[in-house]
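Before I ask anything, here is the structure I am working with.
To keep things simple, chains are lettered A, B, C, D, E and F as they appear, and every chain counts its residues starting from 1.
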Amino acid sequence: MTDIVRADGRAPDELRPVTIERAWSAHAEGSALITFGGTKVLCTASFTNGVPRWLTGKGKGWVTAEYAMLPRATHDRSDRESVKGKIGGRTHEISRLIGRALRAVVDTKALGENTIVIDCDVLQADGGTRTAAITGAYVALADAIEWGRSKKFIGQRSNPLIDSVAAISVGIIDGAPMLDLPYVEDVRAETDMNVVVTGRGLFVEVQGTAEGAPFDKRELDALLDLGVSGCATLRDLQAAALEAS
Amino acid sequence: MTDIVRADGRAPDELRPVTIERAWSAHAEGSALITFGGTKVLCTASFTNGVPRWLTGKGKGWVTAEYAMLPRATHDRSDRESVKGKIGGRTHEISRLIGRALRAVVDTKALGENTIVIDCDVLQADGGTRTAAITGAYVALADAIEWGRSKKFIGQRSNPLIDSVAAISVGIIDGAPMLDLPYVEDVRAETDMNVVVTGRGLFVEVQGTAEGAPFDKRELDALLDLGVSGCATLRDLQAAALEAS
Amino acid sequence: MTDIVRADGRAPDELRPVTIERAWSAHAEGSALITFGGTKVLCTASFTNGVPRWLTGKGKGWVTAEYAMLPRATHDRSDRESVKGKIGGRTHEISRLIGRALRAVVDTKALGENTIVIDCDVLQADGGTRTAAITGAYVALADAIEWGRSKKFIGQRSNPLIDSVAAISVGIIDGAPMLDLPYVEDVRAETDMNVVVTGRGLFVEVQGTAEGAPFDKRELDALLDLGVSGCATLRDLQAAALEAS
Amino acid sequence: MTDIVRADGRAPDELRPVTIERAWSAHAEGSALITFGGTKVLCTASFTNGVPRWLTGKGKGWVTAEYAMLPRATHDRSDRESVKGKIGGRTHEISRLIGRALRAVVDTKALGENTIVIDCDVLQADGGTRTAAITGAYVALADAIEWGRSKKFIGQRSNPLIDSVAAISVGIIDGAPMLDLPYVEDVRAETDMNVVVTGRGLFVEVQGTAEGAPFDKRELDALLDLGVSGCATLRDLQAAALEAS
Amino acid sequence: MTDIVRADGRAPDELRPVTIERAWSAHAEGSALITFGGTKVLCTASFTNGVPRWLTGKGKGWVTAEYAMLPRATHDRSDRESVKGKIGGRTHEISRLIGRALRAVVDTKALGENTIVIDCDVLQADGGTRTAAITGAYVALADAIEWGRSKKFIGQRSNPLIDSVAAISVGIIDGAPMLDLPYVEDVRAETDMNVVVTGRGLFVEVQGTAEGAPFDKRELDALLDLGVSGCATLRDLQAAALEAS
Amino acid sequence: MTDIVRADGRAPDELRPVTIERAWSAHAEGSALITFGGTKVLCTASFTNGVPRWLTGKGKGWVTAEYAMLPRATHDRSDRESVKGKIGGRTHEISRLIGRALRAVVDTKALGENTIVIDCDVLQADGGTRTAAITGAYVALADAIEWGRSKKFIGQRSNPLIDSVAAISVGIIDGAPMLDLPYVEDVRAETDMNVVVTGRGLFVEVQGTAEGAPFDKRELDALLDLGVSGCATLRDLQAAALEAS
């Protein structure tokens, strides 16, 4: 790493201040209000005994996610998707990404015929909302699974949670790889990448996009390294939040 | 008032603990996170210079509101209206109520050709979400108008804000009038009423509905008295929040 | 009452000419074409043996209502909600109001597992369409219930209809309370109120809105008195229509 | 024609009783409530000075139509298309048919840059709603055009109405051609045909469908003859309605 | 026929070159890529054992069709109906026409409780897409029925296919009847007609529309003759395609 | 590479037979029918002079893409998104991916104020439809740009096309990296990755997803190598197609 100093004073490989307020919601079986600097996402996990009809009788559970933004989460107000009557492509894409990330660490057989729906609602956005959502959603998911076990909806033999999962954004700005981009950096990044990494350090998802110029293998490797290291820090924060009673 | 004691220990004419966290949002021109006991509503006011096309050139401004609930704000998860592709009747009705309530205290001529959109998003619901929304929205609105004045989008001569406005729910439970019903009381109420009252104590909106048995004039009067008195307390809390810098 | 004379020559506390053409429809189990001056609403009641799935097995019936306007019921043509692909807030709100008003006079236990859907279609609008709809809908409902009893879908022991219900608009114009506002008065009213009153004179719904200046308790009382008296006249007209064979 | 007698006592080539109540609507520029036996359709014509953007500046007018049914116009209640959020294929198809039929007798150049929207709302249905709609719509259209001429929106030189137009259903039942089918005959018809004919006896539209067995040229000819003769009678009824002041 | 020569050199009663590529699709139970000059339609037939719920237990099958156009099938690109969120009137109307045409030659009792969905997607359009769709759909349907018989979903006793069906467009251009109109002729036609004719020469559907001037019986007869003769040629081409193994 | 032989006899690093039929469409400014084994995608490029309103006056062009599947492109029929009234998440996500991939090789300044819409319609699906779409779309795009230059809508000075772009799927099956997965392999893959690579060998997009077990850096590297090499072959096929006149 060079000694570049970023607008907010961070080193290139430094996360923004991350906080995880577990059990934020009085109603949900699991929940977390997660913040990465100015990005605030409320994640709730809703546990239902039973599965959608298409999965009935297969002895497997289902985990899915929905992502959305409040209209004034962003600098300018966006119209509500409920008012427009349809969900935009970006919203769909991120919801699907969060769902895949969480399912990667769940043994749906061990979950049994139960459904967990994770809602990630962005209350305030300042870059990295999808990765914050995944990171907070894991905490909500873990608590919802624990709730299901305590209520005996889930069998006691094996834990459906086979690993933890976290995610972070990385990007190349003025040629230098940077960790955890806020909005001002995100719009300037030549390459933008989101990595989803398990607690054990394996990749669940790698999504890199050239926003400006295409990138080469060396740049890709630098970004992956940064992302893996950032996710390791997040894994420790998740564990700390879940250990606190 | 009798010496009935309610489940949460309150007197019949007592509000739940109310908090108003002003300027919650980093982006909105005005905002407030308001809580009434377990009910938490995030209100943001988005100021835009200019008005919708149908109002252009009339020298008047426009104030409108949108209300929504996060899917797991409630005890059981509801499907998102964006996913269903349409907004339910209840959501429409409450959005319209909030808009009317706010417009009642705004001089749209003095506002000039500016638009303020108020978003009220229920993060957690425990009864009285629409009245909490109106009460919090007023604080967000006042700050957005102040912002517009400071930026000179609004003329300095006259203040568009001609009064304050607050709202509260009242109801008859087991024959007794009660102020500020949480969910467990709301479902039991024979009559349910929302009153919207200005800082000077005048009615903007009175909506009373017999949920069980129809009600008579004496009961109606008792409810109105309770409501007016509750709104006076809320007016003072709004003023205190707005005075704090 | 003062000796104000209104544009159409009525006294302030006088209804427009009201007609109720019962059994207008050849197909519906109950129906009424109701007119209040230039306002014409066709109300049909459709009786179905059985209830929606969410109510099955609870030994209770269901009454619901839908309100709509023909596109050229009004002075200017409005686009059809079917063409726009969604129902507006006003339509939703009025449909819900009509349903609540009717359910207030129905004993759903005595109705048994039967469903009655009331359709109120405004063929021509000249103010007070929602209150005309409620008043006409009661007649259609009464006939549909009678039909259900004659067909033995409803038990003979107890009558599901526990009272009658009617509704009227009242408002304050140039400081004076007025009964039954046509369109030209409605747009000028400072305060606009709809009251829904049972045959016995109890309130089912009170909805008062300050369109211009907020209103005080004395004005509210004057409006309520006018409304109760207007509804008593409507109750007699409903009874006369239902007695005619 | 044979001496077959139909369920309602008519001869095979006899229309049901047809009534045309012209100027039914207080608001529309032209209107007619038309009945064919138990089929009742309210047709209104809304005149607007100006044309849709895609037609602006071409010196031509526009005539279009929308058809719809009230939910309980039929024996069993149908869900509203506004509630379903989309318009069914049958509704679309009939709206388009009515529009084409009317445009066939309008000289859009002579109409000038004016728009006429015809709404045909079926209040009660007993077969032949689309043909009744066309026949009634012509009367509403003629009055709206006359209104436009009287207001000088339409030039005085040439009349935009170049002919009249009417429509009727015909069908083959038990091998015999029949005119003007009510619902009970319509469901039994082997072949169902709608013909749209101008006052001068020329075809605007011929739509024949084999509902049961395919049909041959001889049957087609018999149906066309019946239809032409029925439309001639309707033309005279339209003229009588329009002559009455 | 006169010795008029058309833009593409054809005689007035001559079809464009027609090709039928049977079994184009690797997945569908029946399929055909049909071309009429520049018009190319891909027709697939999807066979499902079972029927929609409303038909269950009646011992009858169901055949339905959906028609659509690729966005750039036409000279100018049209927006996708999936993006617009609703299906246009023309699409609905043609889908319904194709379904009726096919059902006219299917004995749904002999089909048994099986469903066949025909998809007709226009890959390139140059006039006559709906008639090409019907003609190609018959080939796909025949193969899907054969597939159902070979798999024993359909009983062996009686063939559900009771005849073949084809369709063609005809029109009057400059006063002369013409067969099989490409786009450039279609836009100029005074009268436009589509005829759907069975292999035995009987009519299933006759749809004639005056685009310019209304038409008389003599013109109608000339068009019908042309259409019947064109469909006879198409019947032979269908048979040849189905005989080829 | 090991000497694993795949179901279709290919080596692990071998593409399926790829064909590119350039200028398939008679109407589009650029088009290509591309096949990868059983996957067939029709790509059309529609050129419009001018840009969407939000881009007007910025001296830049716009390239966007829409992806869709015919209902029976797949083994089982899917409902049309136009019939469902909304576009699924997968469709949105792929449309956005194709658009980003193409924009990466277009200099929108050099394109000038012109819009190119690429439609990628999957006629038959057998795995890798999104990567086939990108690869074919490039050919259609190149021809549309050439058309725009020949018509002088695009300036002659600089070529808007700054590189070529192709895409391929790679995956890990039974632990072995494989190139260009057909459907049967795709469903078995533990990790699934799509890479989008420019003609010069730089990455535009890397999307790797763990479908089964998470993957490590070594596996990721092996997949990237395979993808880069597959895209180099596709680049040569694209160039050959574009050189052919």
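To be clear about the criterion, a residue touches a chain if its C-beta (ideal position, glycine included) is under 8 Å from a C-beta of that chain, and two chains touch if they have at least 3 such contacts.
Here the structure is a predicted model, which is why all the values come from computation and not from measurement.
Rounded to a multiple of 5, the Cα-based rotation taking subunit B onto subunit F is 120 degrees.
For the self-contact between subunit A and subunit F, the two sides draw on mostly identical residue numbers; the shared fraction is above half. Averaged Cα coordinates give subunit E a centre that lies 33 Å from the centre of subunit F. Centre to centre, using the average C-alpha position, subunit C and subunit F are separated by 59 Å.
Remark: subunit D and subunit F have CA centroids separated by 51 Å (rounded to whole angstrom). Those residues of subunit C in touch with two or more other chains are numbered 85-87. A single ring links the chains, and its order as traced from subunit D towards subunit E is D, E, F, A, B, C.
Those residues of subunit A lying in contact with subunit B across their complex are 25-28, 31, 38, 42, 44, 46, 48, 66, 68, 70-77, 80-87, 91, 117, 119, 121, 123-124, 126. Contact residues on subunit F toward subunit A in their complex (touch as defined above): 86-90, 92-93, 95-96, 100, 104, 163, 193, 198, 200, 202-210, 213-217, 220, 224.
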